[in-house]
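Look at the two complexes coming up: subunit A is in both, with subunit B in one and subunit C in the other.
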Partner chain A sequence: MSSTKMILGLFDDPDEMMHGIEKLQKNSVPIYDVYTPMPIHGIEDKLGIKESRLGYAAFCFGCLGGSVIFSIVYYTLVHDWPMNIGGKPHFAMPNFVPFTFEWTILWTAFGMVFTFFYATHLFPGRTPRVMDLRATDDRFVIAIDAKGNIPHDDITRILQEAGAVEVKHNDRKYVSYE
Partner chain B sequence: MKTEYSFSERFEFAGKAKTWSLIGIVIGVLGILYGFFLDHGELGVQRTFSNLLLMGYYFACICIGAIFFLAYQYAAQAGWSVALLRIPQAFARVLPIAAVILVVVIAAGLLTTHKVIEDGKEAVAPYLYAHWATHGLTTPGSENFDAIIAGKSALLSFWPFIGMIVVLLGLYAIIGWMLVKYSESEDTTGGMTNYNKSFSAAVLFLVIFGFTYPIFAFDGIMSLEAHWFSTMFGWYNLAALHVTALCGITLILVLLHQSGNFGWISENHVHSLCKLIFGFSIFWTYVWFAQFFLTWYANMPEETAYFYKRWEPEYKWWFWLNIVLNFVAPLLLLMSRDAKRYFTRVKFTCILLLIGHWLDYYLMIMPGTMTPRDTAFPFGVEEITIFIGFAGLFTFLVLNALSKFKSLAPAKHPFLEESLHHHI
Partner chain C sequence: MASHSESIIREPLITGKNITYAQITNDVLFPVENKPNKAWWIGFIAASMGATLWLFAMSWTFWYGVGEWGLNKTVGWAWDITSFVWWVGIGHAGTLISAVLLLFRQNWRNSINRSAEAMTIFAVICAATYIFGHMGRTWLAYWTLPLPNQYGSLWVNWNSALMMDVFAISTYFSVSLVFWYTGLLPDISAIRDRATGLRQKIYSVLSFGWTGSVKTWQRFETVSLILAGISTPLVLSVHTIVSFDFATSLEPGWHTTIFPPYFVAGAIFSGFAMVQTLLLVVRKVLGLENYITMFHIESMNKIILVTGSIVGVAYITEFFIAWYSGSEYEQYTFLNRFIGPYWWAACMMYGCNVLMTQLMWFKSIRTSIPIAWGLSIVVNIGMWFERFVIIVVSLHRDYLPSSWAMFYPTWVDVSIFIGSIGLFFTMFLLFLRVLPSVAIAEVKLLLKSSSEQAKKKLIEEGHLDPDQVAYYKESLTKFDSVELADYDKV
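Showing the complex of A and B:
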């Protein structure tokens, strides 16, 4: 039993990497993930990645933000300490619109950022998890989980045939902790 | 993905679209004739003029909005929209006709007069813009003299008024024509010359349009109630114009795509257009509310008079329906990603918004022109027939203009490839 945990195919050209994905899929090799220095259009469809649910989080945070400020202002201005401002009724709906609108947007924005950080494990004190440092620079990396996969040499051969400039057999999943 | 397309095919305007748009025009003409000669209600002629102004303004604004779209796409050097630019270009080609119709309606409305009795005094008032164009309003010593209107007469009197509208519409139409012409000569010559010229024309348009459009809106619609004014009015109309133009472009694009033209258009292009529709519907609500909110908060009689009229029983429901149609509907119907890519939903929302903004214009115009009202129910035959007539005229002219283009995509535009691969 080899100690290899991840097999990484490093490409220097995005088109060749896309070709590599196709070849792996044709040979029924499951792909763990793909890391690229820039966004590549159409890669989600190719990898069959499920649509992001960030929008639902945004919607929930927006509703929450709107409700929270509405409650606070209702409590303070209508219930706890009603004031006469320009002879308007205490519960004057048009007054409530601007800050409800602002807080909805504010919480949507913050909520989306925090959800994204939480989902991607990006928060202060956490070392970013990177499989190959050059994936943030000039390498397009296909990562394959080595456990329970077909002979590793076959995977290496497929990657090299597709044009990988380098194939790594890593014993550790992430290199960034070293 | 198919990336090779033949751009040499032309759009052929025939069949059902042509028949139905011609039927629409006939209905509209019959409606106008009915309104002028057969509607013997107290306000028959008044109603016809008001509706002609409404639709003339709406029609011109949709075409101006399409030039605005063209201009900011060029100025932002946007690539995604190139494959569909022929549609706003067709709108731009129609603007001169729309402008002539609007100017004729305004001039006719100002020149045809009738006797009215206001506050017990008899006056000779025109059918449109009676609030400032009634005889004697600006003549010192006349029993109808109105100092506030007299103070505004430098802008609000026949020649300066018509002159301003003609000049502004002329400027917009000329730059629109330039943008279309550069794009067409680009098709034959290629290269970057025409693109650079389009860029300059687009920037010029944005500067002129940004500064002058509020004046156009103040003149065309706000001066119907000349005592009242709102500095938000220009932006409010700009938002309405932008949303309606985008809806027109999207609706025609989707319908033509489904009938076998524009094979290179995918749901990604429609998605991008719908994001703009969604965003600018929210923007419309923002300025609508800002105008309402400031008036409500300040609570000054000369300002609240405007909203007071719109809260009379015959308008109140329509006033709130306006917000439902133009804000709540697009908010809920177009919020999710899938909704923007689902053609049935997109078409439905576009039609809803086009009707919604008709109601928006209706609420800007009618309370100012249709007083006193003759019926509790605000809609007559004229509203529906003239709307159908202008919808038919618009469809006919735009599709006819589209069929004049040698190809349905600017084949030598430098960003065409980017647009064909647009993916979001």
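Showing the complex of A and C:
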């Protein structure tokens, strides 16, 4: 039994990597994940990843932020301590607009970004789970879970035929824990 | 893949031969991974001396109070708010580049957005120091928050434009910061994965554990797009609200409905000038000529020309409306700009902002680095004087001639302003040392489609319309980073 945990196909070109994904899929090899130094357009469709729902979260946070500040302004200016300023109406809606607008944006931004960090497990100090250190530089890495996907040599051959510049058989899942 | 190639008549966004993904990383991270050169040290020493002056003058203000400034009973707002509006305006270009140009799919933003956003953040920090500086009792700054009576004041006055400013500036700063930092995560990870020891640990913490997996990138792109979508109205709202500080008053010269669009155009105008001032130096000193090309410089100069002309139209409109209004006070204010004691400030304003930028109609001027740099400084000066003219010149002679007075800045006023420029450059130079000044991942996206080498390969393959190829070669002549001799053969 080999001690290989992950098989990595390293490509130096995004188009060849996409070709590699196709070849693996044609041979029914499940792909664990793909690590790239830049976003690859169209890869989600190929890997069957559903569209992100962050937009819905952003919308909800925006509505919440706008409602919160509108309520605060209403409570202080109209309900708690109404002031007679030259007989003008207490509930002067146009003056509410800048505050409501700014907090809608503020809550949308922070709510969405923190949802993104939460969902993707990003936070300061999290140990990076890196399989190949060049995946943030110039390598487009397809990772395949070695367990159950045998024979490994066939996978290696598929990757090499697709144009991988290097195929790694890693004994450890992540190389970043030292 | 054929579907990747871009029309040949578009100018290249990355020049140079044999640029690879690895080389982009190397080129951009060079200043981060190596000891700084002499030019950096000279700049840093000069800037930090300025920052020290700022610290001293600010401390002086806090210790002795705002009475140390040149304000008087008539001119109660002067140097401080002039510089505040100047800095906030400068910040606007960064958001425009990162958000508005993203929505319009302007790929040339990819190599300048990072440093422009950093500039935004540092400029807004400088602006914020003026807000805290003018409070006098800075430790009571929390009174601007809606806290109940027990904390020492009634509820804040939500009807005031200054309160709107508190919300606009704080939202603008924090959203810009989030936008900038989220975009930095993949590039910080690039530093992390090449570093060792303590450096690696520090960048590891800063990278939030970024890996670049498919799902991460997908969410990242969604986040970027939505942040761009909300930052676009945000940036327009910020200077609109800054203009409310003046427009909602009854002061002649301030009380006008044209202020919001006029201020926004002026802000983008001055911001692009500052981006130009910084980037022309950065590209030379950090050797980024292949990524910040002549096309980028010329595009920014075109935006300076457009926004400068919008500002010019706003100036003319102001004069027309002053005459057309029939209001003597309004008319006098505008006449006083030229015949009053501050005529020289108005000359700086109209001369620098309107007359000088019209030179940008000439291609030879737009593509000349020394002239473009000089003009960007001229715009920076002109826009400072614009705010000075609007604020001080309007205030110093308004309704009551018996109250007319002059404003003379003290050494504290001047030192805070000069010092804040030092503070800004200190932060910017430190940024260049510790973080990538160009968005590495976003530039890599352009390599296969929009680089000079990719387009050259297309020409060599043939199949292209010869007229379009000739047009493309013609457009390359302005670039200072392209070897034209290579195109003789192809």
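Rule of thumb we're sticking to: the second predicted complex is superposed on the first by the 173 of 178 C-alpha atoms of A that agree within 3 Å, B and C clash if a C-alpha of one lies under 4 Å from a C-alpha of the other, contacts with A are read in each partner's own complex, and residues count from 1 in each chain.
FYI, a residue touches a chain if its C-beta (ideal position, glycine included) is under 8 Å from a C-beta of that chain, and two chains touch if they have at least 3 such contacts.
Just so it is clear, the model here is predicted, and its values are computed rather than measured.
Student: In the superposition on subunit A, see if there is space for subunit B and subunit C together, and answer fit or clash.
Tutor: Clash - subunit B and subunit C, as placed by superposing on subunit A, overlap.
Student: Quick check on the superposed pair: does A:G48 touch subunit B, subunit C, both, or neither? Answer first, second, both or neither.
Tutor: After superposition on chain A, A:G48 lies in contact with neither partner.
Student: In this superposition, which partner touches a larger number of subunit A residues, subunit B or subunit C?
Tutor: Result: the larger residue contact count on subunit A belongs to C.
Student: With both complexes overlaid on chain A, does A:G86 touch subunit B (first), subunit C (second), both or neither?
Tutor: first
Student: After superposition on the shared chain, which partner residues are touched by A:G148: those of subunit B (first), subunit C (second), both, or neither?
Tutor: Neither: A:G148 stays clear of subunit B and subunit C.
Student: Identify the residues of subunit A that lie in both the subunit B contact region and the subunit C contact region.
Tutor: 55, 95, 98
Student: Considering the complex alone, what residue numbers of subunit C touch subunit A?
Tutor: Against subunit A, subunit C makes touches at 1, 4, 20-22, 25, 146, 154-156, 158-159, 163-164, 167-168, 171, 174-175, 178-179, 182, 185-186, 189-190, 192-194, 204-223, 226-227, 230-231, 233-234, 237, 241, 244, 440-442, 444-445, 448.
Student: Under the touch definition given earlier, write down the residues of subunit B that touch subunit A in their complex.
Tutor: The touching residues are 289, 292-293, 296-297, 299, 335-337, 421, 423.
Student: Quick one: which bits of subunit A touch subunit B in the complex? Just the residue numbers, please.
Tutor: 41-42, 51, 55, 59, 86-88, 94-95, 97-98
Student: Considering only the defined contacts, which subunit A positions touch subunit C in the complex?
Tutor: It is residues 12, 14-15, 33-40, 43-44, 47, 49, 52, 54-55, 58, 62, 69, 72-73, 76-77, 80-81, 85, 92, 95-96, 98-99, 101-103, 105-106, 108-110, 112-113, 116-117, 119-130, 133-138 of subunit A that touch subunit C.
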